[in-house]
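Both of the next two complexes hold subunit A, though its partner changes from subunit B to subunit C.
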Partner chain A sequence: MHLTKRHYLIFLGPTLLVLVVMVAFPTAYVLITSFREFNLTDPAAGKPFVGFENYATLLSDPAFFAALWKSVLFTVASVALTFALGMAIALLLNRRDLSGTGLTRTVILVPLILTPLVIGAMYRFMLERDNGIINEILALVGLERIPFLANSTWAMISVILVDAWQWTPFAVLVLLAGLESLPVEPFEAARMDGASRWGEFWNITLPLLAPVIAVVLLIRTMDAFREFDKIFILTGGGPGTATQTLPIFLYRAGFQDFNMGFSAATGVIMLIIVTIVSSFYVRRIHAAGE
Partner chain B sequence: MKKSFTRRDFLKAGGGALAGVYVLGLAGCGGQQGGGGPQGGPPDRREFEGETLSLVLKEGYEIEAIQKYKGDFEQATGTTVEIEVYDEPTARQKFILDSTSKTGAYDITSVSFWHLPEYQRASYLEPLDQWVSKARDPWLDPDAIPETATNVMSVDGELYALPHTVISGMLFYRDDLFQKHGIKAPQTSADVLSAAKVLKEAEPSISPFTGRGAPTFASLGTWLGWTWGYGAALYDDDMCPQATDPKFTQGMSDLMTLMQDYGPEDAASLTFTQAGEKFSGGNAAMMFDTTGFGGIFEDPELSQVAGKVGFSLPKGPAGNPMQWTYLEGLGISAYSDNKELAWLFLQWRMSDETTRKEALELGRFDVPNLNILESDAYAKAAKEKGLSDYTEKLPQSWENITLEHWPFVPEFSRIGDTFMQQVSSAIAGGQTAEEAMKAVQPKLESISKDAGYCK
Partner chain C sequence: MVERSSELPQAERKSRTPPPKRARWTLGRVLAQAAIVTLIIVALFPFLFMLRVAFSSARDYLSGIGVLSAPITFENFAAVYGATELGLYLLNSLLYSVLTTLIVLVIGSMAGFGLSKARNALVRDNIMFFVLSTRMGPPVVFAVPLFLLLTSLLLIDTRIGMLLVYTFYNLAFAIWLMYGFFGEVPPEVEEAALLDGLSPLSVFSRISLPLVVPGLMATGILVFIFTWNEFFFALVLTRDVAKTFPAMIPQFFGAFRVDWGQMLAASAMGVIPPLVFGLLIRRYLVRGLSLGSVK
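Our next item is the complex of A and B:
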């Protein structure tokens, strides 16, 4: 069949429309808004164009850099923990000599199925100092109760652990699929040469799995950097601003102060950061593929 | 000749789609402020038969009466009342987004007094004075509403919401523990501190004190109300912040001591619900908060300390009664197409018949209707519940209400969040009040300057 320009337009049209409506239009609108002074609770002031003023305010606000640091800390810690645990569990599940791996593969998906809001609400109760089950267990074994969500250090540790709990199964799934697709010949050759398990893992498994690892790290990094629901429900960004990551900072500016111009600028900065980090991973994936 | 689909063609197609979306978006916009003011004279209650009223309300005990008795209104008027209930931030977001899009999806909204300046500046609410003077239904007796309440729900002398919650500051304490250890009922801030010290040693399993420490504006009332007792306010008359003022810092320091040294370990994250649960669950011996908790703490179905609670209205070193100013009411959206019906609903809500049932059947003894508070049936019911001491103090607590210490400006949310984030950090991190106030002062100055205050 001879395809003309019209055919291409018909086939691509719906996709283009979705892309424009769902991606390009909102992104362009946010970008334009970031150059305006725009507060929803002050309609009389209009939406005057203020150039880069919102960006200047943002980049001179210590609270922005504090939130950025919290985001980096949360992302690095959560991604590292998710990857480490995910890899360990995937390696275990990949072993043919262990029983019960089939059931484990199913059960392990439970955290992934739950919505972040439900997880946040659930852990908020579980981590509560006086009535939460985790503190009840601690008290039962003679340990002191811990104010998980009311102590600055513990609050950050708690949100990192909860996030890792939810997303480790994702890492397990992807890494396990990668492990199962690896060729067996290099491993057989290594065993014949007397390589240790650690040697096999470090010199064969990791390099062969590099593209898959990069995909896991890429997706997890993007997700962790923009994590909002669980942190909002668990701590609201507190105590104080101990867990105020950039998404929480943006939410406060946009939906508590209704300062849309400022929060749009924050969103654009977040987009730039995620794009830079993602392009690093994508280049790594391409390089590994070659 | 075969023509290929080039990048230029792709961009044209995308641009066409974008233009189409833009046009569709414009078509969806619209809306303007709803129908005009009162037509004159009280409306016939059946005039709106068949109409539907939409309410967006903030959750809280004050809406229980609306949910339970709305059938009375529906029967009297032949209308339907649809209610959406959310937590405060969500209810506020929904109302603001509805108002900015001018769709008038909601006719009536909950109005917390601290958001009034913001709503008034944006013209989101219908002014009510003309409705009170020209379209009053017998349901409404304006003299039955405490005057301080209508004053607070007004901006520049214009009323914007009928108040159905009037709350002031009160100290709740475990009378049984105080009597057990020979501690007198606290009447001053110094009494509270000294009682806390005694209780810490005498009752090690209970926190001597609890209060709000969560890093949001909803906690601000505790801290500003407490420091008002020291004759200090966070802002001066020109809206210049004075967080480092010695009197203000002293007040903050005493309350910080109570929260850090005598409060629960998770004091830095306590919301009003959580702080209240500490007290009602028997895990705290004193709580400084709003009068609204009185009925809850003495209800055996809701509290483990019912029958053991004492109430006092403490003063600070300056002789000022400690505040916890909070008022909430119902307002009419400026974009409502059912303003006359909405106004009828507001009047029904504050009617003697509705508030009487609210007090006597639902047990809400702080209902702000002076006709009900002065009635024999109310006094009898309060006595039966062991709340006579509480109800006798209520009118005085309402008279104590002042806004002199309050940042009653559109930027309140940002001020409250900024201040409480610092306070919460200080409680959690062991900072002193002086350090916290030094850190927050420049942030508050920045907010004032951005808003054009403090020139």
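Our next item is the complex of A and C:
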């Protein structure tokens, strides 16, 4: 079916309008602002161009590199955990000799649908040191109470676990859909050759599932990298800066210090990272689609 | 790739590997069954616990594990209705979610249709990449310019402003999905309709669109849930009249004390709409969540 230019304009016009106003403008604005000195609390100073000064400040700021490191740590840990658990659970739910697998498939949708901010708030209560239900249970069985959100190391572990709680079902559902659509022939052939279960998984399931795995890993990576809501309500980036990932760092610079030039430069660097990863992603998806 | 055999009818696929009848309870099977039960508990416990706290008095929920058997009371719900604008915020959330879903489905399916017919692969792929990058871009990066843009248009803390932002926030995602769904419509069907004298616009609305209704459902439910759950833009772009349900939750966290009961009562009210919609049409969720890569 061939469309004329006029028809393309009709079909794509509204989209282009929205994208130009709401995407091209903000992106251009962030880019330009990143070369200006601009603080909302000091309007009299104007917003003079300062070249790469914001970037220089950013790249010599230990707090920025700390935030970048926290982001990488949070993303890698959350994605790895989500994927490992997701794979194990998908294999479990794919078995035919267990009851309750259908119910489980529905039940695990709940964490995915719940408002992320509510998940964070809910866990903040459950993880309280003195009244939190998790510490109550630990105390009940004779274990020591854990300062989940008050200790730097535990705070990072907690936000990672809460993120994994919310997103593991996503990995499960996508991997399960992948598992169910695998051809049966290679498995039958392997069984005839007397392959072990582990060998079957390693040599047949994993390679056949590779495109689906790529989708899971990359969508999860992008989402974990920009995670804001749950960390914001669970720890606010604290204690101190223990869980201050890049989005929290940027939020503090922009909406608490009102340092627009500096926060724009941080935003540009985040966009560059996201673009690199998502271009890899698009190529993977295209390759998988063919 | 993965779709091939999933298109087989459910019964046929199941029949290829019949469930072992009366399989023996080996140790492995007992452990696997226990894992399933654990999974259900871990997935549901936080939500059920939230409901339990919402329906109990402060004395009970601060008393530790005893809250599980405490008497049921509606006092938190009464208090939260009396003391906050929860009703208004829930209404705003509903308004944005419904309208954004409708707007995005119309604009997004038109764009998806148009792009799926584009012959110039280079142009098409670049537009699709642009579209995707807006979905992947962290909202926090766009927050400052959107804040200044809405301020200069006098749209800060207005419903119109939030509708614009949410349309932008979801449009890319909808185009990406609808592009995939329209790509699956057999071209012969559309060609035949063209030969019968239909204009491209009629082919879109009368032939192709009805064929992608499952895709519209998948896209629609996700846009609804995303909009309902969105927190960051609501946090920085609203103060009062245009505020949404998620954006009100932080107000319960005072500097010295948190009213957990009221906070969780408000939360319980707020998560009902997406849960109901999401679970009712759950089979469309997975496909949408994986950006259409899994059927």
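Simple rule for what comes next: the second predicted complex is superposed on the first by the 273 of 290 C-alpha atoms of A that agree within 3 Å, B and C clash if a C-alpha of one lies under 4 Å from a C-alpha of the other, contacts with A are read in each partner's own complex, and residues count from 1 in each chain.
Everything that follows uses one rule, which is that contacts are C-beta pairs under 8 Å (C-beta built on N, C-alpha and C of every residue); 3 or more make two chains touch, one makes a residue touch a chain.
Remember, it's a predicted structure, so these values are computed and weren't measured experimentally.
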In this superposition, the partner of subunit A with more touched residues, subunit B or subunit C, is C
Contacts for A:25 in the overlay, against subunit B (first) and subunit C (second): which applies, first, second, both or neither?
both
Requested in this report: Please work out whether A:104 is in contact with subunit B alone, subunit C alone, both, or neither, and reply first, second, both or neither.
Outcome: second
Applying the touch criterion given at the start, work out whether A:149 contacts subunit B, subunit C, both or neither, answering first, second, both or neither. first
Handout entry: subunit B versus subunit C as contact partner of A:44, first or second or both or neither
Key = first
Which of subunit B and subunit C A:242 touches, first, second, both or neither:
first
| query | Touch check for A:256: first (subunit B), second (subunit C), both, or neither? | reply | first
- prompt: Which partner does A:113 contact after superposing on A: first (subunit B), second (subunit C), both, neither?
  reply: second
* Asked: For A:188, is the partner it touches subunit B (first), subunit C (second), both, or none of the two (neither)?
  -> neither
Subunit A residues where the subunit B and subunit C footprints coincide 2, 4, 8, 12, 19, 21, 25, 255
The subunit B residues in contact with subunit A across the complex are 2-5, 9-10, 13-14, 17-18, 20-22, 89, 93, 96-97, 100, 118-119, 121-123, 213-216, 264-270, 278, 281, 283, 410, 413-414, 417, 421-429
In the complex, the residues of subunit C that touch subunit A are 1-6, 13, 16-20, 23, 29, 32-33, 35-37, 39-40, 42-44, 46-47, 49-50, 53, 61-62, 64-65, 67, 107-108, 110-111, 113-115, 117-119, 125, 128-134, 136-146, 148-149, 164-165, 167-168, 171-172, 175, 187, 190-191, 194, 200-201, 203-204, 225, 228-229, 231-232, 236, 245-246, 249-250, 252-253, 258, 260, 263-264, 267, 270-271, 274-275, 278-279, 282, 285-286, 289-291, 293-295
Per the touch rule, the subunit A residues reaching subunit B in their complex are 2, 4-5, 8-9, 12-13, 16-17, 19-21, 24-25, 40-44, 128-130, 145, 147, 149-152, 155, 235-242, 244, 252, 255-258
Touching subunit C in the complex, subunit A uses residues 1-4, 7-8, 10-12, 14-15, 18-19, 21-23, 25-27, 29-30, 33, 89, 92-93, 95-101, 103-104, 106-119, 121-123, 125-126, 131, 133, 136-137, 140, 165, 169-170, 173-174, 177-178, 180-184, 211-212, 215-216, 219, 222, 225-226, 228-229, 232-233, 246-247, 250-251, 254-255, 260, 263-264, 267, 270-271, 274-275, 277-279, 281-282, 285-286, 288-289
